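Labels for the chains are A, B and C, by order of writing; each one numbers its residues from 1.
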Amino acid sequence: MEINKKISELLYVIKKKNPLVHHITNYVTANDCANITLALGASPVMADDINEVNDIVSLASSLVINMGTLNSSRAEAMIVAGKRANKLNIPVILDPVGAGASTYRTEAAKRIISEIKLAVLRGNLSEIRTLYGINTQTRGVDSSENVLLKREELIKEKQMAKDFANKLKAVIVITGAVDIITDGKTLYYVMNGHEIMSKVTGTGCMCSSLIGSYLGASQNYLIAALAGVVSMGIAGESAYELLDKKQEGTGSLKVRIIDAIYNLSEDVILKRCKVCED
Amino acid sequence: MEINKKISELLYVIKKKNPLVHHITNYVTANDCANITLALGASPVMADDINEVNDIVSLASSLVINMGTLNSSRAEAMIVAGKRANKLNIPVILDPVGAGASTYRTEAAKRIISEIKLAVLRGNLSEIRTLYGINTQTRGVDSSENVLLKREELIKEKQMAKDFANKLKAVIVITGAVDIITDGKTLYYVMNGHEIMSKVTGTGCMCSSLIGSYLGASQNYLIAALAGVVSMGIAGESAYELLDKKQEGTGSLKVRIIDAIYNLSEDVILKRCKVCED
Amino acid sequence: MEINKKISELLYVIKKKNPLVHHITNYVTANDCANITLALGASPVMADDINEVNDIVSLASSLVINMGTLNSSRAEAMIVAGKRANKLNIPVILDPVGAGASTYRTEAAKRIISEIKLAVLRGNLSEIRTLYGINTQTRGVDSSENVLLKREELIKEKQMAKDFANKLKAVIVITGAVDIITDGKTLYYVMNGHEIMSKVTGTGCMCSSLIGSYLGASQNYLIAALAGVVSMGIAGESAYELLDKKQEGTGSLKVRIIDAIYNLSEDVILKRCKVCED
């Protein structure tokens, strides 16, 4: 089956199955993450207290761990919930927001990676490089830097992604101008999206929530990750196309991204999906 | 006086009195709750630290306790603020978000109910059933499950709501496809609203904030609760009517719900209000 | 050079320099603050844990301390980050949200002012009066009260602002119907904005984030503060002009405010800027 057909079928499954997606996430983008999860056809539940994450994750079809606005009590809850998810075979995605920007976040992300079996790790280039062990220069949590334009750069990133995926036995997703998704064997590039998305906070977080939603509807983590990245990219580019450029900007763009996910159909995916296998 | 007249008059009072509504709430929907409170004509103040809730609630006309993203320090602040509110005769509404989804939340909600005198308790069907003591199956915090379609089911829920209201000496509100509002004697059904509202996170929280706002402007808790439910329902249905279905979805819907509350007038209430007494 | 020219040039600088703006802020408006910072052309990083604020602020060009939804661990992080910022000559803006509404917040704000050297202090009238030491009546965090209409009142506030600026050796910003910006010597009034902005939560917080962004691009704190206030005012008034008053309200207004900042140009500033020097 062609890859865009597989992705579009997964959208059908998610809308039918309506998976519950447990989020342990940050307070900056939690609302958008919840709304985009609902818009896609899944159900979010946000819970980060150590006293309840075991109960909550046990009800869920997948777990999204997002490290934005990390603090020590939330970090503990991530470990507890992740371990329970592993025990129950519930897939876990980690979004290591800001890894590299502080020692604290880098160490917390490394601890999660070492103690929790991940289904997917999604970050921007500097976050993934940091966790892979390459000394990198980061400015915080934005994705503006990870533009992959030069061919030789792209080849290096591809190798790192594959190697990291094999080490972790997880799907690695690097989002940027061109997105990379790999399980260590197969590698996909996604060319959907628009650069204006980096001017809206939380487009990375929302992408992770979409992947988390698809993970709750599929055993194939590679396709689930790909479906999340493609869905987010299509939403961003079609939201941008609809903008009235004279008077609208990133405020309207965010609203239209949620709208686009709500209106995402199998047909839209088949028509717009820009994936190529390496 | 007819009931829709009473509700519309309360809107007039709220805009004139501009009550201060203290919220102890979750970080997922706090922004929407603050904005819908302002849009209605009240003033929100969000404060959840145990060191200041006594001061803040003493300035307020009502207190909204919302259990989303609960943690232990916020739970303590809820108890402290609730007791102070009781002492000062400031009405309290509890939104037991996610009760039933974890033992922690269920126990926390039960503790609040036993230690604080509530004016209103508002939840979806599974949350209210959980607190009433019926073993229920919940998937978290969404309201998609509480569809009351079968006549015999509706009769059961009605009895439970009345009985619970009498036990707590509080107004019970169950929101869903049909909303139930009762003080144990009188019972109202509200048919306003649209099912798409369950695809936006926080419509339940926002409903509680609207009720909290009306509570700050009226001694009649039953009418205040009814006014909140009717206002939210009208906002949801008129927001949906204005949606450009080809390209807009739940992102725009949320924006339009706030807009609709901002534009809510006594005339709109008189025209759209769909309440019937049991 | 004329003042509106100076402001418009600073917009050019910010878009070119893309300063990183560290926020320690509240969970109610954090999303809007991040998005408006991005829309202006700066990069926000939200981090409030004591274990990482030293690392984060060291990467930043400016620090925004916002006291909304304050708690004790965030209060400690504010002190730590502020001191580090002082050591590194990174400008700090304090937004004392709710000072006066509780002893806790008032004391926390006073502590920050006494231990941290501020570049800018921005609040509404009751917050600034509280911190200056005038006993004031506040209702929480909204700005509806600080309408400066009477001439004699305005003269008093002007004197207080100048005196406070000289005491703190910082720029004082009082936002309201007419905004006051002073470094103790020069004093500007800004007449941009629209009263409907007080019906959207976080317009004050967003103003502080804009000032914080300009602070990251300029050594002239007075002009940076002025640029933030003018930008916010222009965004509010042009967002209001674009509203379809029949069906849109404060939900759409917030979206359009972000849009307006995204579309803010040097020409728009030159044309709309309403500043006069005292």
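Quick note on the criterion: a contact is a pair of C-beta atoms (placed from the backbone, for glycine too) under 8 Å apart; a residue touches a chain by one contact, two chains touch by 3 or more.
Owing to the predicted nature of the structure, the values given are computational and were not obtained by experimental measurement.
Two copies of one chain, chain B and chain C, touch each other, and the residues they use overlap weakly: the shared fraction of interface numbers falls below half.
To fit its Cα atoms onto chain C, chain A must turn through 120 degrees, a value rounded to the nearest 5. Between the Cα centres of chain B and chain C there is a gap of 33 Å. Each of the following residues of chain C touches two or more other chains: 27, 31, 254-255. Interface of chain A with chain B (complex): residues 18, 20, 27, 30-31, 34-35, 38-39, 43-49, 51-52, 55-56, 59-60, 73, 242, 254-263.
Contact residues on chain B toward chain A in their complex (touch as defined above): 26-29, 31-32, 68-72, 98, 101-105, 138-142, 144, 199-202, 247-252, 254-255.
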